[in-house]
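A single structure is presented below for examination.
When the chains are written out, they are named A, B, C and D in that same order, and each has its own residue count from 1.
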(Lines give C-alpha, C1' and ligand atoms only; values in the text may rest on other atoms or scores of the structure.)
Protein backbone atom coordinates (compact mmCIF):
# COMPACT_ATOMS: atom_id res chain seq x y z
CA UNK A 1 0.00 0.00 0.00
CA UNK A 2 1.11 3.52 -0.70
CA UNK A 3 1.76 5.71 2.34
CA UNK A 4 2.95 9.28 2.76
CA UNK A 5 6.25 8.02 4.14
CA UNK A 6 6.83 5.68 1.21
CA UNK A 7 5.89 8.39 -1.27
CA UNK A 8 8.38 10.77 0.34
CA UNK A 9 11.15 8.16 0.12
CA UNK A 10 10.42 7.62 -3.57
CA UNK A 11 10.61 11.37 -4.10
CA UNK A 12 13.93 11.54 -2.26
CA UNK A 13 15.29 8.81 -4.53
CA UNK A 14 14.14 10.76 -7.56
CA UNK A 15 15.83 13.92 -6.28
CA UNK A 16 19.13 12.07 -5.81
CA UNK A 17 19.02 10.78 -9.38
CA UNK A 18 17.97 14.15 -10.81
CA UNK A 19 20.88 15.86 -9.06
CA UNK A 20 23.24 13.18 -10.37
CA UNK A 21 22.00 13.91 -13.89
CA UNK A 22 22.10 17.63 -13.21
CA UNK A 23 18.55 18.35 -14.37
CA UNK A 24 15.87 19.73 -11.99
CA UNK A 25 12.64 17.76 -12.13
CA UNK A 26 8.99 17.81 -11.11
CA UNK A 27 8.27 14.59 -9.19
CA UNK A 28 4.84 13.14 -8.44
CA UNK A 29 3.64 9.97 -6.70
CA UNK A 30 0.06 8.61 -6.89
CA UNK A 31 -1.51 5.75 -4.96
CA UNK A 32 -3.32 2.66 -6.25
CA UNK A 33 -6.48 4.71 -6.81
CA UNK A 34 -4.53 7.24 -8.99
CA UNK A 35 -4.83 9.89 -6.26
CA UNK A 36 -1.88 12.26 -5.67
CA UNK A 37 0.11 11.33 -2.56
CA UNK A 38 3.19 13.54 -2.78
CA UNK A 39 4.81 16.04 -5.12
CA UNK A 40 7.84 18.32 -5.29
CA UNK A 41 9.22 20.71 -7.84
CA UNK A 42 12.96 21.02 -7.65
CA UNK A 43 14.29 24.57 -7.88
CA UNK A 44 14.36 25.70 -11.49
CA UNK A 45 12.29 22.83 -12.87
CA UNK A 46 9.92 23.72 -15.73
CA UNK A 47 6.60 25.17 -14.56
CA UNK A 48 4.69 23.47 -17.37
CA UNK A 49 5.96 20.14 -16.14
CA UNK A 50 4.10 20.30 -12.82
CA UNK A 51 0.93 19.15 -14.54
CA UNK A 52 2.81 16.70 -16.75
CA UNK A 53 4.56 14.96 -13.85
CA UNK A 54 1.27 14.53 -12.00
CA UNK A 55 -0.45 13.23 -15.11
CA UNK A 56 2.37 10.86 -16.03
CA UNK A 57 1.95 9.28 -12.61
CA UNK A 58 -1.82 9.17 -13.14
CA UNK A 59 -1.38 7.52 -16.54
CA UNK A 60 1.11 4.87 -15.40
CA UNK A 61 -1.32 3.65 -12.74
CA UNK A 62 -4.47 4.18 -14.80
CA UNK A 63 -3.19 1.73 -17.41
CA UNK A 64 -0.63 -0.22 -15.37
CA UNK A 65 2.09 0.53 -17.89
CA UNK A 66 4.99 2.96 -18.30
CA UNK A 67 4.07 6.05 -20.27
CA UNK A 68 7.05 5.26 -22.50
CA UNK A 69 5.54 1.93 -23.51
CA UNK A 70 2.03 3.34 -23.79
CA UNK A 71 3.43 5.98 -26.13
CA UNK A 72 4.78 3.28 -28.42
CA UNK A 73 1.20 2.05 -28.92
CA UNK A 74 -0.37 5.50 -29.25
CA UNK A 75 1.32 7.03 -32.30
CA UNK A 76 -0.68 7.76 -35.47
CA UNK A 77 -1.84 4.46 -36.92
CA UNK A 78 -1.25 2.54 -33.67
CA UNK A 79 -3.93 0.67 -31.71
CA UNK A 80 -4.31 3.35 -29.03
CA UNK A 81 -3.86 6.53 -31.10
CA UNK A 82 -6.15 9.15 -29.59
CA UNK A 83 -5.92 7.84 -26.02
CA UNK A 84 -4.07 11.04 -25.03
CA UNK A 85 -7.28 13.07 -25.08
CA UNK A 86 -9.23 10.60 -22.91
CA UNK A 87 -9.67 11.05 -19.17
CA UNK A 88 -10.03 14.80 -19.64
CA UNK A 89 -6.74 14.94 -21.57
CA UNK A 90 -4.72 13.73 -18.61
CA UNK A 91 -3.14 10.76 -20.42
CA UNK A 92 0.56 11.36 -21.06
CA UNK A 93 2.12 9.26 -23.83
CA UNK A 94 5.81 10.03 -23.51
CA UNK A 95 8.53 8.79 -21.15
CA UNK A 96 8.64 9.52 -17.42
CA UNK A 97 5.69 7.69 -15.82
CA UNK A 98 6.35 4.27 -14.25
CA UNK A 99 4.13 1.98 -12.12
CA UNK A 100 5.32 1.25 -8.58
CA UNK A 101 5.28 -2.41 -7.53
CA UNK A 102 5.60 -4.17 -4.21
CA UNK A 103 5.92 -7.95 -4.43
CA UNK A 104 4.69 -7.81 -8.01
CA UNK A 105 1.55 -5.86 -7.08
CA UNK A 106 1.04 -2.32 -8.39
CA UNK A 107 0.61 0.10 -5.47
CA UNK A 108 0.78 3.38 -7.36
CA UNK A 109 3.02 5.19 -9.83
CA UNK A 110 5.68 7.86 -10.13
CA UNK A 111 5.73 10.63 -12.73
CA UNK A 112 8.80 12.69 -13.66
CA UNK A 113 8.95 15.73 -15.92
CA UNK A 114 11.58 18.38 -16.43
CA UNK A 115 14.13 17.08 -18.88
CA UNK A 116 14.50 15.04 -22.05
CA UNK A 117 12.49 11.85 -22.36
CA UNK A 118 15.60 9.81 -21.57
CA UNK A 119 16.33 11.91 -18.47
CA UNK A 120 12.75 11.73 -17.20
CA UNK A 121 12.70 7.98 -17.72
CA UNK A 122 16.04 7.46 -15.93
CA UNK A 123 14.83 9.38 -12.89
CA UNK A 124 11.47 7.58 -12.88
CA UNK A 125 13.15 4.18 -13.01
CA UNK A 126 15.56 5.10 -10.22
CA UNK A 127 12.61 6.21 -8.09
CA UNK A 128 10.55 3.12 -8.90
CA UNK A 129 13.43 0.89 -7.88
CA UNK A 130 12.94 2.17 -4.29
CA UNK A 131 9.26 1.25 -4.01
CA UNK B 1 -35.45 0.92 -27.57
CA UNK B 2 -32.74 0.67 -24.95
CA UNK B 3 -33.87 -0.35 -21.49
CA UNK B 4 -32.04 -0.97 -18.25
CA UNK B 5 -32.80 -4.67 -18.57
CA UNK B 6 -31.42 -4.87 -22.10
CA UNK B 7 -28.33 -2.88 -21.13
CA UNK B 8 -27.67 -5.28 -18.28
CA UNK B 9 -27.99 -8.28 -20.61
CA UNK B 10 -25.52 -6.71 -23.02
CA UNK B 11 -23.12 -6.17 -20.15
CA UNK B 12 -23.49 -9.77 -19.03
CA UNK B 13 -22.66 -10.93 -22.56
CA UNK B 14 -19.57 -8.74 -22.51
CA UNK B 15 -18.49 -10.17 -19.16
CA UNK B 16 -18.81 -13.72 -20.51
CA UNK B 17 -16.61 -12.88 -23.50
CA UNK B 18 -14.07 -10.99 -21.40
CA UNK B 19 -13.73 -13.94 -19.04
CA UNK B 20 -13.31 -16.29 -22.02
CA UNK B 21 -10.47 -14.06 -23.27
CA UNK B 22 -9.10 -13.75 -19.76
CA UNK B 23 -8.87 -9.95 -19.73
CA UNK B 24 -10.89 -7.82 -17.26
CA UNK B 25 -12.78 -5.02 -18.99
CA UNK B 26 -14.68 -1.82 -18.39
CA UNK B 27 -18.07 -2.13 -20.09
CA UNK B 28 -20.48 0.71 -20.90
CA UNK B 29 -23.85 0.90 -22.67
CA UNK B 30 -25.45 4.12 -23.90
CA UNK B 31 -28.95 4.64 -25.29
CA UNK B 32 -30.07 6.25 -28.55
CA UNK B 33 -29.57 9.69 -26.99
CA UNK B 34 -25.89 8.84 -26.16
CA UNK B 35 -26.75 8.83 -22.46
CA UNK B 36 -25.15 6.25 -20.15
CA UNK B 37 -27.55 3.42 -19.30
CA UNK B 38 -25.32 0.88 -17.56
CA UNK B 39 -21.67 0.36 -16.68
CA UNK B 40 -19.47 -2.12 -14.85
CA UNK B 41 -15.77 -2.37 -14.17
CA UNK B 42 -14.63 -5.96 -13.84
CA UNK B 43 -12.23 -6.59 -10.96
CA UNK B 44 -8.73 -5.54 -11.93
CA UNK B 45 -9.71 -3.67 -15.10
CA UNK B 46 -7.65 -0.54 -15.85
CA UNK B 47 -8.83 2.54 -13.97
CA UNK B 48 -8.06 4.80 -16.91
CA UNK B 49 -10.39 2.76 -19.06
CA UNK B 50 -13.55 3.69 -17.14
CA UNK B 51 -13.68 6.98 -18.98
CA UNK B 52 -12.60 5.38 -22.26
CA UNK B 53 -15.28 2.68 -22.22
CA UNK B 54 -18.01 5.26 -21.58
CA UNK B 55 -16.67 7.51 -24.32
CA UNK B 56 -16.26 4.69 -26.85
CA UNK B 57 -19.97 3.96 -26.37
CA UNK B 58 -20.74 7.68 -26.70
CA UNK B 59 -18.69 7.89 -29.90
CA UNK B 60 -20.17 4.82 -31.55
CA UNK B 61 -23.70 6.20 -31.18
CA UNK B 62 -22.72 9.83 -31.72
CA UNK B 63 -21.48 8.98 -35.23
CA UNK B 64 -23.33 5.67 -35.80
CA UNK B 65 -20.09 3.88 -36.55
CA UNK B 66 -17.65 1.62 -34.76
CA UNK B 67 -14.77 3.48 -33.16
CA UNK B 68 -12.44 1.12 -35.05
CA UNK B 69 -13.80 2.30 -38.39
CA UNK B 70 -13.94 5.94 -37.29
CA UNK B 71 -10.29 5.63 -36.31
CA UNK B 72 -9.42 4.57 -39.86
CA UNK B 73 -10.70 7.92 -41.07
CA UNK B 74 -9.18 10.00 -38.28
CA UNK B 75 -5.43 9.48 -38.58
CA UNK B 76 -3.16 12.36 -39.59
CA UNK B 77 -3.98 13.31 -43.18
CA UNK B 78 -7.39 11.59 -43.11
CA UNK B 79 -10.72 13.33 -43.66
CA UNK B 80 -11.69 13.39 -39.96
CA UNK B 81 -8.28 13.99 -38.37
CA UNK B 82 -8.83 16.14 -35.27
CA UNK B 83 -12.31 14.81 -34.50
CA UNK B 84 -10.94 13.23 -31.29
CA UNK B 85 -10.78 16.59 -29.54
CA UNK B 86 -14.36 17.54 -30.46
CA UNK B 87 -17.26 17.04 -28.07
CA UNK B 88 -15.08 17.99 -25.10
CA UNK B 89 -12.47 15.37 -26.11
CA UNK B 90 -14.90 12.51 -25.65
CA UNK B 91 -14.49 11.10 -29.15
CA UNK B 92 -12.51 7.84 -29.04
CA UNK B 93 -10.92 6.77 -32.31
CA UNK B 94 -9.64 3.29 -31.53
CA UNK B 95 -11.32 -0.11 -31.36
CA UNK B 96 -13.91 -1.10 -28.76
CA UNK B 97 -17.03 1.01 -29.43
CA UNK B 98 -19.83 -0.56 -31.50
CA UNK B 99 -23.38 0.62 -32.31
CA UNK B 100 -26.24 -1.56 -31.07
CA UNK B 101 -28.94 -2.38 -33.62
CA UNK B 102 -32.44 -3.86 -33.38
CA UNK B 103 -34.03 -4.71 -36.75
CA UNK B 104 -31.43 -2.56 -38.48
CA UNK B 105 -32.18 0.46 -36.31
CA UNK B 106 -29.51 1.86 -33.98
CA UNK B 107 -30.77 1.90 -30.39
CA UNK B 108 -27.53 2.77 -28.60
CA UNK B 109 -23.94 1.57 -28.37
CA UNK B 110 -21.53 -0.46 -26.29
CA UNK B 111 -18.02 0.60 -25.32
CA UNK B 112 -15.28 -1.74 -24.10
CA UNK B 113 -11.87 -0.84 -22.71
CA UNK B 114 -9.32 -2.81 -20.76
CA UNK B 115 -7.18 -4.78 -23.21
CA UNK B 116 -5.56 -4.56 -26.62
CA UNK B 117 -7.55 -3.07 -29.45
CA UNK B 118 -8.27 -6.55 -30.78
CA UNK B 119 -9.49 -7.76 -27.38
CA UNK B 120 -11.71 -4.72 -26.81
CA UNK B 121 -13.21 -5.11 -30.27
CA UNK B 122 -13.89 -8.84 -29.80
CA UNK B 123 -15.75 -8.20 -26.54
CA UNK B 124 -17.70 -5.28 -28.02
CA UNK B 125 -18.81 -7.37 -30.98
CA UNK B 126 -19.86 -10.26 -28.76
CA UNK B 127 -21.90 -7.84 -26.65
CA UNK B 128 -23.46 -6.15 -29.68
CA UNK B 129 -24.53 -9.50 -31.06
CA UNK B 130 -26.92 -9.80 -28.08
CA UNK B 131 -28.76 -6.55 -28.69
CA UNK C 1 -12.83 -4.13 -0.70
CA UNK C 2 -15.21 -3.13 -3.47
CA UNK C 3 -15.74 -5.72 -6.19
CA UNK C 4 -17.92 -5.78 -9.31
CA UNK C 5 -20.12 -8.41 -7.70
CA UNK C 6 -20.62 -6.37 -4.54
CA UNK C 7 -21.32 -3.22 -6.54
CA UNK C 8 -23.96 -5.06 -8.56
CA UNK C 9 -25.65 -6.30 -5.39
CA UNK C 10 -25.76 -2.78 -4.00
CA UNK C 11 -27.32 -1.59 -7.25
CA UNK C 12 -29.93 -4.38 -7.09
CA UNK C 13 -30.83 -3.29 -3.55
CA UNK C 14 -31.22 0.28 -4.77
CA UNK C 15 -33.47 -0.82 -7.62
CA UNK C 16 -35.72 -2.74 -5.20
CA UNK C 17 -36.11 0.34 -3.00
CA UNK C 18 -36.64 2.68 -5.95
CA UNK C 19 -39.41 0.45 -7.29
CA UNK C 20 -41.00 0.32 -3.85
CA UNK C 21 -41.01 4.14 -3.80
CA UNK C 22 -42.18 4.22 -7.39
CA UNK C 23 -39.47 6.61 -8.64
CA UNK C 24 -36.91 5.60 -11.30
CA UNK C 25 -33.36 6.40 -10.26
CA UNK C 26 -29.81 6.68 -11.54
CA UNK C 27 -27.59 4.53 -9.33
CA UNK C 28 -23.79 4.68 -9.09
CA UNK C 29 -21.19 2.84 -6.99
CA UNK C 30 -17.56 3.95 -6.60
CA UNK C 31 -14.67 2.12 -4.94
CA UNK C 32 -12.34 3.29 -2.16
CA UNK C 33 -10.31 5.28 -4.70
CA UNK C 34 -13.47 7.13 -5.88
CA UNK C 35 -13.38 5.26 -9.19
CA UNK C 36 -16.70 4.19 -10.80
CA UNK C 37 -17.39 0.48 -10.36
CA UNK C 38 -20.99 0.09 -11.53
CA UNK C 39 -23.89 2.21 -12.74
CA UNK C 40 -27.44 1.82 -14.01
CA UNK C 41 -30.13 4.19 -15.10
CA UNK C 42 -33.59 2.82 -14.48
CA UNK C 43 -36.06 3.30 -17.34
CA UNK C 44 -37.40 6.85 -17.32
CA UNK C 45 -34.91 8.22 -14.79
CA UNK C 46 -33.80 11.83 -15.39
CA UNK C 47 -30.98 12.17 -17.92
CA UNK C 48 -29.40 15.04 -16.02
CA UNK C 49 -29.11 12.81 -13.00
CA UNK C 50 -26.63 10.40 -14.59
CA UNK C 51 -23.81 12.82 -13.84
CA UNK C 52 -25.28 13.73 -10.44
CA UNK C 53 -25.53 10.13 -9.24
CA UNK C 54 -21.92 9.43 -10.24
CA UNK C 55 -20.72 12.63 -8.56
CA UNK C 56 -22.74 12.04 -5.39
CA UNK C 57 -20.95 8.72 -5.05
CA UNK C 58 -17.62 10.44 -5.74
CA UNK C 59 -18.34 13.09 -3.12
CA UNK C 60 -19.44 10.68 -0.38
CA UNK C 61 -16.15 8.80 -0.65
CA UNK C 62 -14.00 11.85 -1.34
CA UNK C 63 -15.00 13.34 2.02
CA UNK C 64 -16.16 10.20 3.88
CA UNK C 65 -19.52 11.77 4.61
CA UNK C 66 -23.05 11.68 3.23
CA UNK C 67 -23.77 14.43 0.73
CA UNK C 68 -26.79 15.33 2.88
CA UNK C 69 -24.56 16.08 5.85
CA UNK C 70 -21.91 17.81 3.73
CA UNK C 71 -24.66 20.02 2.36
CA UNK C 72 -25.56 21.14 5.86
CA UNK C 73 -22.03 22.55 6.22
CA UNK C 74 -21.85 24.07 2.75
CA UNK C 75 -24.64 26.64 2.66
CA UNK C 76 -23.87 30.38 2.41
CA UNK C 77 -22.10 31.42 5.59
CA UNK C 78 -21.17 27.84 6.56
CA UNK C 79 -17.62 26.55 7.02
CA UNK C 80 -17.49 24.74 3.64
CA UNK C 81 -19.49 27.14 1.45
CA UNK C 82 -17.93 27.03 -2.00
CA UNK C 83 -16.78 23.41 -1.78
CA UNK C 84 -19.26 22.50 -4.54
CA UNK C 85 -17.04 24.03 -7.22
CA UNK C 86 -13.90 22.20 -6.07
CA UNK C 87 -12.67 19.00 -7.70
CA UNK C 88 -13.71 20.31 -11.13
CA UNK C 89 -17.23 21.02 -9.82
CA UNK C 90 -17.91 17.36 -9.08
CA UNK C 91 -18.81 17.90 -5.41
CA UNK C 92 -22.54 17.38 -4.83
CA UNK C 93 -23.96 18.99 -1.69
CA UNK C 94 -27.49 17.61 -1.54
CA UNK C 95 -28.95 14.30 -0.40
CA UNK C 96 -28.33 10.97 -2.14
CA UNK C 97 -24.65 10.10 -1.67
CA UNK C 98 -23.70 7.75 1.17
CA UNK C 99 -20.37 6.07 2.10
CA UNK C 100 -20.30 2.26 2.03
CA UNK C 101 -18.78 0.57 5.07
CA UNK C 102 -17.63 -2.97 5.81
CA UNK C 103 -16.72 -3.62 9.44
CA UNK C 104 -16.56 0.12 10.05
CA UNK C 105 -14.14 0.71 7.17
CA UNK C 106 -15.18 2.79 4.16
CA UNK C 107 -14.84 0.73 0.98
CA UNK C 108 -16.58 3.10 -1.44
CA UNK C 109 -19.85 4.97 -1.82
CA UNK C 110 -23.23 4.89 -3.51
CA UNK C 111 -24.87 7.83 -5.28
CA UNK C 112 -28.57 8.08 -6.12
CA UNK C 113 -30.29 10.72 -8.23
CA UNK C 114 -33.72 10.85 -9.84
CA UNK C 115 -36.23 12.00 -7.26
CA UNK C 116 -36.67 14.38 -4.37
CA UNK C 117 -33.88 14.69 -1.84
CA UNK C 118 -35.80 12.52 0.57
CA UNK C 119 -36.38 9.83 -2.07
CA UNK C 120 -32.74 9.82 -3.20
CA UNK C 121 -31.59 9.57 0.40
CA UNK C 122 -33.98 6.71 1.22
CA UNK C 123 -32.74 4.69 -1.76
CA UNK C 124 -29.10 5.44 -0.96
CA UNK C 125 -29.51 4.32 2.63
CA UNK C 126 -31.28 1.14 1.59
CA UNK C 127 -28.45 0.38 -0.82
CA UNK C 128 -25.74 1.19 1.72
CA UNK C 129 -27.36 -1.16 4.23
CA UNK C 130 -26.43 -4.04 1.89
CA UNK C 131 -22.71 -3.28 1.70
CA UNK D 1 11.91 33.31 -2.53
CA UNK D 2 10.22 29.95 -2.37
CA UNK D 3 12.48 26.95 -2.75
CA UNK D 4 11.85 23.22 -2.65
CA UNK D 5 13.70 23.03 0.65
CA UNK D 6 11.61 25.79 2.23
CA UNK D 7 8.39 24.25 0.91
CA UNK D 8 9.33 20.91 2.43
CA UNK D 9 10.03 22.57 5.80
CA UNK D 10 6.64 24.26 5.71
CA UNK D 11 5.03 20.92 4.96
CA UNK D 12 6.87 19.30 7.86
CA UNK D 13 5.59 22.04 10.19
CA UNK D 14 2.06 21.40 8.94
CA UNK D 15 2.42 17.66 9.55
CA UNK D 16 3.56 18.29 13.14
CA UNK D 17 0.52 20.49 13.82
CA UNK D 18 -1.89 18.10 12.09
CA UNK D 19 -0.60 15.21 14.22
CA UNK D 20 -0.94 17.34 17.34
CA UNK D 21 -4.58 18.00 16.41
CA UNK D 22 -5.03 14.36 15.44
CA UNK D 23 -6.52 15.04 12.00
CA UNK D 24 -4.77 13.86 8.78
CA UNK D 25 -4.45 16.65 6.24
CA UNK D 26 -3.63 17.37 2.62
CA UNK D 27 -0.89 20.01 2.53
CA UNK D 28 0.13 22.13 -0.46
CA UNK D 29 2.66 24.91 -0.98
CA UNK D 30 2.74 27.24 -4.00
CA UNK D 31 5.38 29.79 -4.96
CA UNK D 32 5.01 33.50 -5.76
CA UNK D 33 3.81 32.59 -9.26
CA UNK D 34 0.97 30.42 -7.77
CA UNK D 35 2.70 27.29 -9.07
CA UNK D 36 2.71 24.11 -6.97
CA UNK D 37 6.05 23.56 -5.23
CA UNK D 38 5.32 20.69 -2.84
CA UNK D 39 2.41 18.57 -1.68
CA UNK D 40 1.71 15.64 0.63
CA UNK D 41 -1.39 13.74 1.61
CA UNK D 42 -1.12 12.33 5.11
CA UNK D 43 -2.35 8.74 5.46
CA UNK D 44 -6.14 8.69 5.68
CA UNK D 45 -6.69 12.31 4.65
CA UNK D 46 -9.79 12.94 2.52
CA UNK D 47 -9.27 12.21 -1.17
CA UNK D 48 -11.50 15.12 -2.20
CA UNK D 49 -9.23 17.48 -0.28
CA UNK D 50 -6.20 16.95 -2.51
CA UNK D 51 -7.66 19.36 -5.04
CA UNK D 52 -8.94 21.68 -2.33
CA UNK D 53 -5.58 22.01 -0.53
CA UNK D 54 -3.82 22.84 -3.80
CA UNK D 55 -6.48 25.36 -4.72
CA UNK D 56 -6.55 27.00 -1.28
CA UNK D 57 -2.83 27.64 -1.70
CA UNK D 58 -3.45 28.96 -5.22
CA UNK D 59 -6.21 31.26 -3.96
CA UNK D 60 -4.24 32.65 -1.01
CA UNK D 61 -1.41 33.77 -3.32
CA UNK D 62 -3.66 34.68 -6.24
CA UNK D 63 -5.39 37.32 -4.11
CA UNK D 64 -2.75 37.80 -1.37
CA UNK D 65 -5.29 37.05 1.33
CA UNK D 66 -6.28 34.13 3.52
CA UNK D 67 -9.12 32.07 2.07
CA UNK D 68 -10.92 32.57 5.39
CA UNK D 69 -10.93 36.33 4.95
CA UNK D 70 -11.74 36.10 1.24
CA UNK D 71 -14.70 33.92 2.18
CA UNK D 72 -16.04 36.67 4.43
CA UNK D 73 -16.28 38.90 1.36
CA UNK D 74 -17.67 36.25 -0.98
CA UNK D 75 -20.98 35.19 0.56
CA UNK D 76 -24.26 35.96 -1.23
CA UNK D 77 -24.74 39.74 -1.22
CA UNK D 78 -21.04 40.43 -0.55
CA UNK D 79 -18.75 42.38 -2.85
CA UNK D 80 -16.96 39.31 -4.25
CA UNK D 81 -19.84 36.83 -4.37
CA UNK D 82 -19.28 34.59 -7.40
CA UNK D 83 -15.47 34.76 -7.31
CA UNK D 84 -15.37 31.02 -6.44
CA UNK D 85 -16.18 30.04 -10.03
CA UNK D 86 -13.50 32.28 -11.54
CA UNK D 87 -10.08 30.95 -12.55
CA UNK D 88 -11.64 27.69 -13.75
CA UNK D 89 -13.39 27.24 -10.40
CA UNK D 90 -10.11 27.01 -8.50
CA UNK D 91 -10.90 29.82 -6.04
CA UNK D 92 -11.58 28.39 -2.58
CA UNK D 93 -13.50 30.66 -0.20
CA UNK D 94 -13.29 28.81 3.10
CA UNK D 95 -10.59 28.54 5.74
CA UNK D 96 -7.23 26.81 5.21
CA UNK D 97 -5.29 28.90 2.68
CA UNK D 98 -2.76 31.42 4.00
CA UNK D 99 -0.12 33.58 2.23
CA UNK D 100 3.52 32.96 3.15
CA UNK D 101 5.59 36.03 3.95
CA UNK D 102 9.31 36.70 4.35
CA UNK D 103 10.20 40.14 5.71
CA UNK D 104 6.68 41.32 4.92
CA UNK D 105 6.88 40.18 1.29
CA UNK D 106 4.58 37.43 0.01
CA UNK D 107 6.65 34.55 -1.40
CA UNK D 108 3.87 31.99 -1.89
CA UNK D 109 1.07 30.35 0.06
CA UNK D 110 0.11 27.20 1.94
CA UNK D 111 -3.21 25.35 1.58
CA UNK D 112 -4.57 22.84 4.08
CA UNK D 113 -7.62 20.61 3.71
CA UNK D 114 -8.79 17.56 5.63
CA UNK D 115 -10.68 18.72 8.70
CA UNK D 116 -13.10 21.36 9.91
CA UNK D 117 -12.52 24.94 8.89
CA UNK D 118 -11.02 25.69 12.29
CA UNK D 119 -8.65 22.71 12.07
CA UNK D 120 -7.52 23.55 8.54
CA UNK D 121 -6.90 27.16 9.55
CA UNK D 122 -4.91 26.20 12.64
CA UNK D 123 -2.61 23.96 10.62
CA UNK D 124 -2.20 26.55 7.87
CA UNK D 125 -1.25 29.25 10.38
CA UNK D 126 1.25 26.97 12.11
CA UNK D 127 2.82 26.18 8.75
CA UNK D 128 2.89 29.83 7.66
CA UNK D 129 4.63 30.78 10.89
CA UNK D 130 7.65 28.78 9.66
CA UNK D 131 8.08 30.60 6.37
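Quick note on the criterion: a residue touches a chain if its C-beta (ideal position, glycine included) is under 8 Å from a C-beta of that chain, and two chains touch if they have at least 3 such contacts.
Computed from a prediction, not measured in an experiment: that's the story for all the values here.
Novice: Determine, using the mean of C-alpha atoms as each chain's centre, which chain is farthest from subunit C.
Specialist: With centres defined by C-alpha atoms, farthest from subunit C sits A.
Novice: Cα centroid separation between subunit A and subunit D, in whole Å?
Specialist: Computed from C-alpha means, the inter-chain centre distance equals 25 Å.
Novice: Let me have the rounded angstrom distance from the C-alpha centre of subunit A over to the C-alpha centre of subunit B, please.
Specialist: Going by mean C-alpha positions, subunit A sits 28 Å from subunit B.
Novice: Where does subunit D touch two or more other chains at once, residue-wise?
Specialist: Expected reply: 47.
Novice: Could you tell me which shape the graph of touching chains takes: line, ring, star, complete or other?
Specialist: Contact map by chain: other.
Novice: Every pair of chains that touch: which are they?
Specialist: A-B, A-C, A-D, B-C, C-D
Novice: Taking the complex as given, what residues does subunit A use to touch subunit D?
Specialist: 3-4, 7-8, 33, 35-43, 47, 50
Novice: Along subunit C, where are the residues that touch subunit D in the complex?
Specialist: Touching subunit D from subunit C are residues 33-34, 58-59, 61-64, 76-77, 79-83, 85-89, 91.
Novice: Could you list, by residue number, the parts of subunit C that touch subunit A in their complex?
Specialist: Contact set of subunit C toward subunit A: 31-35, 88.
Novice: Okay, in this complex, where on subunit D does subunit C touch?
Specialist: For subunit D paired with subunit C, touching residues are 46-49, 51-52, 55, 71, 74-76, 84-85, 89, 91-95, 116-118.
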